[in-house]
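This is the structure I want to talk about, given as structure tokens.
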Amino acid sequence: MSKNFAVIGVGGYIAPRHLRAIRDTGNRLVAAVDTKDSVGVLDQYSYDVKFFTEIERFDRHLEKLRRGPEEDRIHFVSVCSPNYLHDSHCRLALRVGADVICEKPLVINPWNLDALEEIEAETKRRVHTILQLRVHPGLIQLRESLQSSKDIHDVELTYITSRGPWYHVSWKGNHEKSGGVATNIGIHFFDLLIWLFGPVGGIKVYHKDDDKMSGFIELERARVRWFLSVDKNDLPEQAKIGGKTTYRSITVDGKEVEFSEGFTDLHTRVYEETLAGRGFGIKDARPSVELTHDIRSAEISPLDTLPHPLLRK
Amino acid sequence: MSKNFAVIGVGGYIAPRHLRAIRDTGNRLVAAVDTKDSVGVLDQYSYDVKFFTEIERFDRHLEKLRRGPEEDRIHFVSVCSPNYLHDSHCRLALRVGADVICEKPLVINPWNLDALEEIEAETKRRVHTILQLRVHPGLIQLRESLQSSKDIHDVELTYITSRGPWYHVSWKGNHEKSGGVATNIGIHFFDLLIWLFGPVGGIKVYHKDDDKMSGFIELERARVRWFLSVDKNDLPEQAKIGGKTTYRSITVDGKEVEFSEGFTDLHTRVYEETLAGRGFGIKDARPSVELTHDIRSAEISPLDTLPHPLLRK
Amino acid sequence: MSKNFAVIGVGGYIAPRHLRAIRDTGNRLVAAVDTKDSVGVLDQYSYDVKFFTEIERFDRHLEKLRRGPEEDRIHFVSVCSPNYLHDSHCRLALRVGADVICEKPLVINPWNLDALEEIEAETKRRVHTILQLRVHPGLIQLRESLQSSKDIHDVELTYITSRGPWYHVSWKGNHEKSGGVATNIGIHFFDLLIWLFGPVGGIKVYHKDDDKMSGFIELERARVRWFLSVDKNDLPEQAKIGGKTTYRSITVDGKEVEFSEGFTDLHTRVYEETLAGRGFGIKDARPSVELTHDIRSAEISPLDTLPHPLLRK
Amino acid sequence: MSKNFAVIGVGGYIAPRHLRAIRDTGNRLVAAVDTKDSVGVLDQYSYDVKFFTEIERFDRHLEKLRRGPEEDRIHFVSVCSPNYLHDSHCRLALRVGADVICEKPLVINPWNLDALEEIEAETKRRVHTILQLRVHPGLIQLRESLQSSKDIHDVELTYITSRGPWYHVSWKGNHEKSGGVATNIGIHFFDLLIWLFGPVGGIKVYHKDDDKMSGFIELERARVRWFLSVDKNDLPEQAKIGGKTTYRSITVDGKEVEFSEGFTDLHTRVYEETLAGRGFGIKDARPSVELTHDIRSAEISPLDTLPHPLLRK
């Protein structure tokens, strides 16, 4: 049976992927909230969406639906608000009897996962998150091939995605609100690496500023050099020449992992899994949340033999 | 020589057409402001755009550029903010020595045009507006064909463009901020009709609510029945069946004016005209601003023989 | 034992009375939230108050305290936010395991009381409101004297309290947010009248605009003509001459009820009663919420023999 | 003749002193703006104040008055907004033909004074600021007594004024918006010291964090050790015991300067001086703005023989 969805943060950048996933999984969007009112995007999905600019009024509406006929209540709340509000918006959803599908990172700080787990238990509702690389066909295949041996691999992760000055003016540039570069643009990759190569042994952080971070991670079956940046000057020459503004590369033992294809509709795939009871929960989200938290709070290590090549330029 | 542009309201719905027009006319976007910080759209145009969330800091930046080298100063400010702020943002631009390209409606109330004209005179800068139907090739042709005779035509204007509940929650649904349906979605058409058929003789308004308005206008060479709505229930059956959410029709003496094609990049065309010194100024904007103001403040007339057919349903 | 309090809306006009009541009843203010950050007033009460400008972060903090040691959890939340947010903020408090002391009007619309009652039942926490005239010594005395007979009294209520143009610009001037004049400035008096003279039989409303409202109420033991206004032009001559900006009068059978004294610290009195288990709950709030809702939605009656004298001027 | 005033930031902490000064110098408050709508304070001064919550609409109103009859135009704008908006709000005032009385610090960064001076010249209007210690009778006397000799004095400035956690959540705790402790709570004292002892020779800064700053200044005729803090733990024991929350001390050659009296209505005194053409202009504001800017950007010096005693605890 078709489910009723409500979306928090519907005016933001990532919301359309959730709107599409709701529609493409055959469900209904019935309510939405955003502090800004520029949400004409809704008209592409439905003309029957109650809209609010204040979370309090949204909460009132969801409470009203909870007390009304079963077919009207909200079954799922999709959370697309700024990172630092995720856990609070998840709580709101659980309290009105809804399950949650929350953008990554589920939370910025690991202890907020504990609180969410307790409220899950109290409300008997579940929080899921979007770890979309785990449903990417090429990466699933890679994982299977890696699982067969216990070898320790050498991995290099490079992700450079240019952002203009607006990025630092927005909540994304505010560490308290976004968690900084490692959390905001890196968490997917860190989750992927742990999923591929096992739990974290130790970390080093060599560089940390508003634009870029770089470090080393020892995983059960990999030694990872990573470099993340939103500064276009970090793009490799070949990317610049080609007019590319994003460069993404993962190499395993020097061999490039091919995963540039297959990114379409990963949100929809995660929705499908979640609706089928195979979603990613708090337990799944925890390792990468802990890792990024540790990276954020780590002391800077002096450069040794381990850094990512871009740091040694 | 390439001009420097700044955009006010860069996070809103209509801003991308201005961003595209700036780029496609070979100019540079160098600064932008929006009260909301979700403006990743900028990265599609340039990575060198100073961004602000407060109009005061934007003003400081423009003042600084005004006092710096000539090649750095802002030549044009594009105003894409909510309607009720247009004139204030135009003033800001004129005061820092820039010309203006302002979204329609230039202002909600005609007396604000007087103030803008005076500041134009004081600052020697010009305010232009977007009256894009006047650069539509099919409509230019229609105008020429009509110009040849003094006949009085019977015109029917129907524009129904579905909007969900968010519309009424947003500034667009607030009459004080948008001017209401006739101003917000209708002003282009009213400008077009005056441009095609000459000045307004008299008006009647038969219906006026948050969702729709309808009335009659006597122009020098036409008698116009008009109907404007954001309510999807007003769509004609054939549109509903075809899954259309917008219905736009102008008939002249019972014959449909074909203008569904040619809408691409009309903003860019207006920019080209403006940069070539053939833009639409305050004088051009005035008649439709006055007409929509009169419509807004008119008493409701009892239905007589003149109303638009959709009102007689 | 001393209780921990948190205050929602601490930067507003009425908050200091709550801050004082918390202090003067020997309790501790430990957390506060307001969307505006101009809350230096806190320093007059305590230097140990966690402060938030976002309700989501405030909620996170209260949840954290709920999960910590018993002596740290919030026992009471005082709600001083704009009227239309009261019920949502009460829900927030109940959900984190706190009791509530909420400014009047508890809610704008009666059906929101139903939802609050259900959440009270679910959470085993209680919502109380400020009906401070019920603890005014002179009015308690009046009530006792009236209780002795079943006579039907003629009552005239006049309350004129001048407000400048800011009032109509603020949420108080927005009917949806404040409930309008009868609700925002009148509800205390309507509660008082019902408390003194018994339940409502019927009502008439003669006048209703943004500035003033006037009508007639039949109570079990009184016929009430009432007039409420925020327009200084309605002040009686003697008040104007004396430079007064507020005029408050209740007459019973032509005799003035004296209650200008004794207004000091009525909030503190209500807090004392509430802490002693004798507070005013949803049941107490309901009759005046229903009455003001009925007044708001009533048709205007033509003037007959019953109106308040100020309407007949 | 009585002047017309408008106030920017009328809902904030410092605004009432300006409202009082406007009234007590016999002038008229006719317009006000604040982003928050909780401005009932206005009713204590006048019921005829146009109020706005958006600077754009306020600007429209002032422009309208500028174009109307001379007796209606705004003669003075009082700026009480957050520090980082001061210069932008001064510009707004100058552009609508008003003179300005701006709270301290006039600007955070000295280069913004240059821009203001140029706009003063363009508009023929003047910017004044509040340097109220310069009109304090006891300090005027001190200055006269010091002027008679060329001695170099040893000065110790200690100012500790407790603030709760809200301070750091508000704009005051944001260095970019307030300038930090030295600028926000210290600038009066730095202006005073320069005014008493002549221009700055050199500075050292020993300590700098969100709560406190401390350093050394060489002035023409004084060597100053200073300590500024908003942390109540820095209060001297005697203050703590007495329940004081603020400690203010200036000693000259070991002798306490008595200036605890005479603080009443210094804003009104500054208004009187300004209206009489003896106000403090950009030139007067500059030295302390430059000094606090230098302090803000200084490297931390290692502790040597010069620090303030509280640093050596």
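Read from first to last, the chains carry the letters A, B, C and D; within each, the first residue is number 1.
The working rule: contacts are C-beta pairs under 8 Å (C-beta built on N, C-alpha and C of every residue); 3 or more make two chains touch, one makes a residue touch a chain.
None of the values given here were measured: they were computed from a predicted structure.
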Joint neighbours of chain B and chain A, given as chain labels: none
Target chain C, source chain B, minimum contact steps: 2
Separation of mean Cα positions, chain D and chain B [Å, integer]: 45
Whole-Å gap separating chain C and chain D, where each centre is the average of the chain's CA atoms: 39
Sites on chain A at which at least two other chains make contact: none
Touching residues on chain A, where the partner in the complex is chain C: 54-57, 59-60, 63-64, 67, 84-85, 87-89, 91, 95, 112, 115, 118-119
Contact footprint of chain D on chain C as seen in their complex: 11-13, 32, 35-40, 42-43, 46-53, 162-167, 169-171, 232, 245
